[in-house]
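In the two complexes that follow, chain A is the common piece, with chain B as its partner first and chain C second.
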Partner chain A sequence: MSARVRCIVCSVGIVAVFVVLLSFTYMMSMPNFTDSERYLSIPIEASGASNRVAGIYLNTRLFDTLIEILVFSVAVLGVRYYLRHSPKVTLPRLSESAVVRTAAGILGPLALLLSAYFAVLGHLSPGGGFAAGVIAASAVLYVAIAQGMAATEARFSPQRIAAAEKGILLLLFVWVLLPLAFGEAPLSELLPPGTPGRLLSAGSILPYNLLISVKVFFGAWLIIAAFAQHRGDL
Partner chain B sequence: MAIIVSFVLLGIGILALVLRRDLVIKLLALGLVNASSILFLVSIGNRPGGRAPIQSPGEIAILVDPLPQALVLSAIVVNFAILALALVFVMILVERYHTTDAQRIEHEMSQETDEEETPCL
Partner chain C sequence: MATYVLLALLPIVAVVALMQSRRLSAIIGMGLFSFLLAAVYLVMHAPDVAITEATMGAALVTAIYVLAIRRTGRLTVVADEVPGLLAREGERVVGLEYDILHGFAISQGLDLSVSFVPLRRVRWLVAHGEADIGAGGIVPLSGIVDTLHATPGHLETGVYAFDTRELSRSPELAPDYEGYFSELRAKAHDGRLPSSITSLDLARVLALSRGAPLDGLDRQDGRHAYAFLVHQDRSDLQRDLARYVESLRGSGELDALIERHVR
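== the complex of A and B ==
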């Protein structure tokens, strides 16, 4: 790109950003920029989830969430496929200090515990399946830093986890199509919403959170393992 | 204020995406654009005096709009997936052309195409 074209693009970009910025600042001065009452007017007894965000993405907009999980699965497949078919490189292992390895060894199990907490209580408090899955994958990464990639892969074998990841995806889709067997529309709620605030409440949101957390954990770990295998080690 | 910051981040991200030739910097810029959209979505759902949308039965409180927060969740996951996949493509290009310069890669790719199209006499 020549210097002149670069200058023009830069100027147009800056002007466009400021115009959009000013227009949105004006729009934000309006009292109701988003229609928050649309979802807040639905009583929490309808979904049974105290966490309204979980009530939206695992109940009202469940279809979006399923497609999002599908996008994530396709990305995991793509990363593993292309890394497997590209030539391997052997880079020198990044040697971590004893402080980092010891801290990672302590933090790993704690992060796994936090992940389980977020997955189980996602319908009552901040958290949920996606956050829990990413925390669990980070926990295993800590373990890999502390114990080495070979020892971690022996415990969390990518081949077995890849099969389990696809199995969980299948299970999620079977779960949302299960209402068809009872004469209901797909994505309908089969379990009762229960009393909001109790652990066993919010219908299918708790099982969804658990399944999604395991799914995201496996997917994120597969991505990490694929990159590590491609370069030889962490 | 958060909205202004989100637009500034968006501008920086788009400019870096268009003007920088390094593919890794382009990916970082894509991450910055995503972060700006997340900040924008969270800030438009804000309500004066509103708190996190976690409610007990019968409780009346000013809550922030939960819908943008649910959308943000999708944005984070999809961005993670896209960045991982894009990084793999960048790695393949770097292994083949030994550079992260997008212009040099394009130049070498066009040369390869020209060589393939040259008729064998």
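== the complex of A and C ==
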């Protein structure tokens, strides 16, 4: 089967799947929202987070979030393990154009600022640790494009960051199990929910967001650095 | 309404991304798909999911894909810098060989990547599979390693016997190409010029002398031509490149390129 025929077959397949999904959605009666209504009926004061989504995934569904973080860590491990045996790129190459380097140099700090905003205010407005971590990794990628991979790696050494990433994962798990030491159930809130809308509110959600953002940042940077080292320099 | 428009655009963008022959274009298409999906989430009042989709799908995943294909979707060329054939001009790379290789890369659906390295490194990198093609005024002589094959020549040249005293006597030669012959010149100055470097091709002679005649250079007998180097295991690449150069020659484009860059 030629590449063109494969492309056409795949395209038809994608369109068909979309049509089936849309038809299915139309044919279905209104789904049962019992579960979602249950979560929405929980008052904001219970978690203290103005952002209801953060209140759900870092409070009532915290266990799911922890497993997600674990899956991300396994992905980071997998990338580093399988690329370890691949030879490192030794070719020097022309640097990016001046326009790209200048733009990357300006965008990097701005992206870092945005990342900090999402991490710190994730319990009050849309954002959160995952998005903040990925934006921070993108910011460092911009810095790497502007200043070169060698200079960036000297500042964000993958070896040290790999250890720190695992350390933060451990810290997160210790935090959620810590209530056991006080005779409480695991995942119980250690900090008071406070007044919704205040910066220092939402119990443990703010520290969770901060820890998750640093954890995701380190993990995403490790993946980027591994690909940059083994599949092509920046 | 906006939701339906965005939903309708999703499969269209997915198909467009799938139909791209260039990997980079396909990745950009996937990034666009993620942005559209993020917009769908946004109009459905799920800004948290939209932000995560935009940052993950459009930023991180796109960056990782771009890094992953850097060595698979591109034609890696290592070259010694030779004015007229393959040289830097500000931020651009220009020259006869660059135009040939650029056209060849496009015809193969690949992105061309040129790295400038010293001449002896060109052969090493191609021989060890670190680069696809060696270029930059390569004249296939007996010195070429067994693991390398040369394509048929694309431009005739002369080879001149090399007088080591000439270089050591004139260190101010070719100031426009600082670093171009620096290694060669430093070795000549110390009297450590390797015996293997006994001849120079016409382009290098012209660059070194800046058009003025150099004493002590004797043109060697025989017909010589510039060619590209490929690894012996890459016979498919050698064949395709030879065919492409031949097609350029047949259509008269090669002569036009030579006229533009060399004469």
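Keep in mind that, in the parts below, the second predicted complex is superposed on the first by the 191 of 234 C-alpha atoms of A that agree within 3 Å, B and C clash if a C-alpha of one lies under 4 Å from a C-alpha of the other, contacts with A are read in each partner's own complex, and residues count from 1 in each chain.
Criterion: a contact is a pair of C-beta atoms (placed from the backbone, for glycine too) under 8 Å apart; a residue touches a chain by one contact, two chains touch by 3 or more.
Please read all numbers here as calculations on a predicted model, not as lab measurements.
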item: Chain B versus chain C as contact partner of A:I223, first or second or both or neither; value: both
item: First (chain B), second (chain C), both or neither touched by A:S11; value: second
item: Partner, of chain C and chain B, that touches more residues belonging to chain A; value: B
item: Which superposed partner A:G78 touches (first chain B, second chain C, both, neither); value: first
item: Partner chain in contact with A:G197 - chain B first, chain C second, else both or neither; value: first
item: Touching partner for A:G127 - first (chain B), second (chain C), both, neither; value: second
item: First (chain B), second (chain C), both or neither touched by A:S47; value: neither
item: First (chain B), second (chain C), both or neither touched by A:V20; value: first
item: Touched partner set for A:N59, first chain B, second chain C, both or neither; value: neither
item: Touching partner for A:S213 - first (chain B), second (chain C), both, neither; value: neither
item: Footprint overlap on chain A, where chain B in one structure and chain C in the other make contact; value: 10, 14, 51, 53, 89, 126, 128, 130, 134, 220, 223
item: Footprint of chain A on chain B - complex, ascending; value: 3-4, 7-8, 10-11, 14-15, 18-19, 44-45, 47, 52-57, 63-70, 73-74, 76-78, 80-82, 84-85, 88-89, 91-92, 95, 103
item: Residues on chain C engaged by chain A in the complex (per definition of touch); value: 7, 10-11, 14-15, 18-19, 46-48, 50-52, 55-56, 59-60, 63-64, 67-71, 76, 78, 88, 91, 93, 113-117, 125, 130-131
item: Complex interface listing, chain A residues touching chain B; value: 1, 6, 9-10, 13-14, 17, 20-21, 24-25, 28, 33-36, 38-40, 44-45, 50-53, 55-57, 61, 64-65, 68, 71-72, 74-76, 78-79, 82-83, 86-87, 89, 124-126, 128, 130, 134, 195-197, 216, 220, 223, 230
item: Contacting residues of chain A [partner chain C, same complex]; value: 7, 10-11, 14-15, 18, 22, 51, 53-54, 89-94, 97-98, 118, 126-128, 130-131, 134-135, 137-138, 141, 220, 223-224, 227-228, 231-234
